[in-house]
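Below: one structure in structure tokens.
To keep things simple, chains are lettered A, B, C and D as they appear, and every chain counts its residues starting from 1.
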Amino acid sequence: MEVAVIGGDGRIEALARLLDRDGHDVRCYGLERGDLALPRAGSLGEALEGARAVILPLPMGGGEELNAPLAASPIPARALAEAISPDALVLAGKPEGVFAKAAEARGLRVADYFAREELTVKNAAVTAEGALEILMRELPVTLLGAKVLVVGFGRIGKFLALRLHLLGARVTVSARKPEDWAWIQSLGLEPADTGCLAGAVRGFDAVVNTVPAPVLDREILRELDKSCFVLDLASRPGGVDLAAAEELGLRAQWALGLPGKAAPETAGAAIRDTIYHMWKELECSQWKG
Amino acid sequence: MEVAVIGGDGRIEALARLLDRDGHDVRCYGLERGDLALPRAGSLGEALEGARAVILPLPMGGGEELNAPLAASPIPARALAEAISPDALVLAGKPEGVFAKAAEARGLRVADYFAREELTVKNAAVTAEGALEILMRELPVTLLGAKVLVVGFGRIGKFLALRLHLLGARVTVSARKPEDWAWIQSLGLEPADTGCLAGAVRGFDAVVNTVPAPVLDREILRELDKSCFVLDLASRPGGVDLAAAEELGLRAQWALGLPGKAAPETAGAAIRDTIYHMWKELECSQWKG
Amino acid sequence: MEVAVIGGDGRIEALARLLDRDGHDVRCYGLERGDLALPRAGSLGEALEGARAVILPLPMGGGEELNAPLAASPIPARALAEAISPDALVLAGKPEGVFAKAAEARGLRVADYFAREELTVKNAAVTAEGALEILMRELPVTLLGAKVLVVGFGRIGKFLALRLHLLGARVTVSARKPEDWAWIQSLGLEPADTGCLAGAVRGFDAVVNTVPAPVLDREILRELDKSCFVLDLASRPGGVDLAAAEELGLRAQWALGLPGKAAPETAGAAIRDTIYHMWKELECSQWKG
Amino acid sequence: MEVAVIGGDGRIEALARLLDRDGHDVRCYGLERGDLALPRAGSLGEALEGARAVILPLPMGGGEELNAPLAASPIPARALAEAISPDALVLAGKPEGVFAKAAEARGLRVADYFAREELTVKNAAVTAEGALEILMRELPVTLLGAKVLVVGFGRIGKFLALRLHLLGARVTVSARKPEDWAWIQSLGLEPADTGCLAGAVRGFDAVVNTVPAPVLDREILRELDKSCFVLDLASRPGGVDLAAAEELGLRAQWALGLPGKAAPETAGAAIRDTIYHMWKELECSQWKG
């Protein structure tokens, strides 16, 4: 299939390479400063010419210009929307703002691959491994034998807690629902109540938050051992009071956007798989391509 | 707390023992033929006298008599409902039928512990381990190195697939949703599409179904290797065409009620934990005990 | 290659099938009561005729008759030794006694596949899984969450402890050497000193011995919880005082020969792999076949 | 016990802290630039005064000066040997050279804790986790799903291969002995023959060498995928031809001394445990302290 890939970071670059490897006719634009070996389109128009699918960055960016850190020159969002053929399917990560409005005005079909649960799951797995890397780098002890508290038992919490456990850490996972406690225990982990962390956070070598709400506030942070490392993996607004952590002399770090940083190729492959699912489903329904 | 425990199997027996160990004042009736070392009530009335909570079997049974395989004599459901004080909280596993009607007529407060998600989760973990035992017993090969297909990625499918993987089996898990495939892959397992099993079931040493719908029909069974062992863990109506399996000369088994059989003490402890959660929540709301 | 397979149990039967599948010209004798689908030799002579390798049972048995539980009629050890061509390579499991003497007198080349370390290792892995099956069957609790003591950190101890740990058991492993304690800790397990078990064996749901020396004597057994299950996996003379266990009312079991019972096909495949290694090494050295 | 701790890096610093925490009377010298909160001796003499045990660095260094990167000023090896009381037990990591000679001349009792197998094992576990960190940092893919070849099945190879496997990598381990292949297979990993790597190294995302011999020579390196990352964990002389790797455009890294870098506290705790074992054994034998 003819696919235009426009802008984006290392994940989109990896995605372009994988689509090419799978036999698609890939035209790239806005990845000039990466090390992609694919033939590149000389202009936006050339890239879009005849493309049945147009893949935009993650996040695509809601402003005047596309999120395109590897592009030789800025890519105007409005002009892009106006250059895409109404026959093409646009696949964007979190489409919004300038592009989204312009695309809607023109009646373009825009699908959000970032909204797909399977991509969220795979990104959570990459994030969990990225978190392991940070913990290994920051802790003066091995994860083997370390006492680690994971706050939250969503996707990232699940993957991270399991991996920590398999590496030999003594893992406590806090959650709010009895059914989550049942899962935690049934995976061989120690459960705790996120609502009752006060008085229960001593002795940990590391605390990892995954909940995007103010869970690790000053009061809880004050109870941590001074040598405890605090890692926040929650998306904005995060869940750790970083200012309080600094005042208390705790080492703390907020890691955002780990999939793109820790493993861009795996993150790109996850986008590829997601896009394939979307194509397959669209074929069966409204999209006659 | 004063607790009456009436009827039930080895799980309820274990539950009574655990409640006693936790310091409750436990009165048992209908467990005479078990090997419970607790003081037993001489009559139903004695057991219920002053009890603030009454625990009934799992399943309690909807007929004229309570499900009480360890009882010295039958326990009539209606008489039981009439003997319970309206002040007591009744905790029953799947309350229904004769008892449920009589209890409702009397305005008894009846709560169903089997409907609690945390118990379902814990039972799934016990079921998964029970399935491992059956597979080890039935297969002429070790799970280490065996090729196993798990059909369905619900609670039991998740626990079983993970354990098989950790024991060294080469595990494929089939599901229907892309997000489940993402989970399966992110746990290091091989995904398959439950909707497309035809043509994809050769070479397995064992196939374990967890889906209570006709998934492993004659057509699929026909494709299995003759030496493949088929295990159905799905609740009624099951998911394997056992008649077809027999005709095809396949070894197949439908394992129902594994928690109570494989690990009654763990299953009883799971009921205990669930009941404690229920008590705690009720304390905070309508139940003033 | 022309291979005669004489006597033995389900493992040897599986071995014969695998050799046939690998393209060898297999002639079986003494497996008549098994369900082997291979063409069988009508007589010992027919089986041995032209065979370049002769595979004998594990253990082959040191008495007048070969260990051949699946044979239609007894196979005399001496007559067998006299019927084998001096050009053939004899591969036997623990050759000894009548056959060994007769073979030596005739100058037969006899190699002991059971003495090969790789077979011992693979058998240990099968034994460990067989032990899991027994524990699952015998314990009223799941291995998930169970407290298990593994005595000894040899091959079986290593495999068993790791698998128990991965299934969620809380595993203590006892050994005598500091380096073993280091291994045990580095695998995420709890170490103990086999020399100091007295006073340290309370609270276990199961104790599994792997040391063929009197480790679990009356004194230690007396300290176990009454509900503790004792499993002895050690080869003769075993390591558990079974008489004392019975007197003390403990459930105890001595499991010998697990590989052949728990997973004959895997055990047969392990013998096959071992024999291939032996053939390959012999080719490179004295055996010119 | 009165213990003098002289020189060394972060591991020795952690060791001093742990000894203090365990109640010993610890006197430090040569750790001035670290962040140790213990009271420090003002001079070498003060530190050694009355010390029944003297702990020296790992490695202690064979030259004129002790290995003491955290010392405010150099510590002369000869003067140190002359200042230690003959009643004290000297515990050094790889004692050699100037100090060793001077100590021998004075009849000091010097024991080498680095020669203890349990420390080697624990260091291997720390090294394996350090290697995971490097792989996570260097690879553009997650270890989940990555194809990794581990060359060598010694201590580090065992720990690393197991951890990679548990994190979801597809792990091949090469060794030379059939018994090691049996272990590798029985742990659920793919075996390979270290002697036959030529022709078998395509498709790997990473290759990790643990063998201190020229295994990954130019010929083998040439066969690797261009994107493959090569990590050498072998002690000197290493096992990867790094010059050839660079010429071939491969990313390669030789990681030496990982325990001290990746997890100094865990490495220090391992030395502490080892020293305790040595003390205990010496008590039972010649050392009457």
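Just so we're on the same page, a residue touches a chain if its C-beta (ideal position, glycine included) is under 8 Å from a C-beta of that chain, and two chains touch if they have at least 3 such contacts.
Model, not experiment: these values are computed from the prediction.
Student: Name the chain pair with more contacting C-beta pairs, choosing from A-D and A-B.
Tutor: A-D
Student: Could you find the chain whose CA centre sits the greatest distance from that of chain D?
Tutor: B
Student: Looking at where chain C touches chain D, is over half of the residue numbers used by both copies, so same, or under half, so different?
Tutor: same
Student: What is the distance in Å between the mean C-alpha positions of chain A and chain C?
Tutor: Taking the mean C-alpha position of each chain, the two centres sit 50 Å apart.
Student: I'd like the Å distance between the centres of chain A and chain B, where a centre is the mean of that chain's Cα atoms.
Tutor: Result: the chain centres lie 37 Å from each other.
Student: Pull out every residue in chain B that's touching 2 or more other chains.
Tutor: Residue numbers touching two or more other chains: 125, 144-145, 185-187.
Student: Over in the complex, which chain A residues touch chain D? Could you list them?
Tutor: 10, 14, 125-126, 129-130, 132-133, 136-137, 139-145, 163, 166-167, 262-266, 269
Student: Spell out the residues on chain D that touch chain B in their complex, using ranges where they run on.
Tutor: Of all residues in chain D, those touching chain B are 144-145, 168, 185-188.
Student: Write out the stretch or stretches of chain B touching chain A in their complex.
Tutor: Per the touch definition, chain B meets chain A at residues 116-122, 124-125, 159, 162, 178-179, 181-183, 185-187, 270, 273-274, 277.
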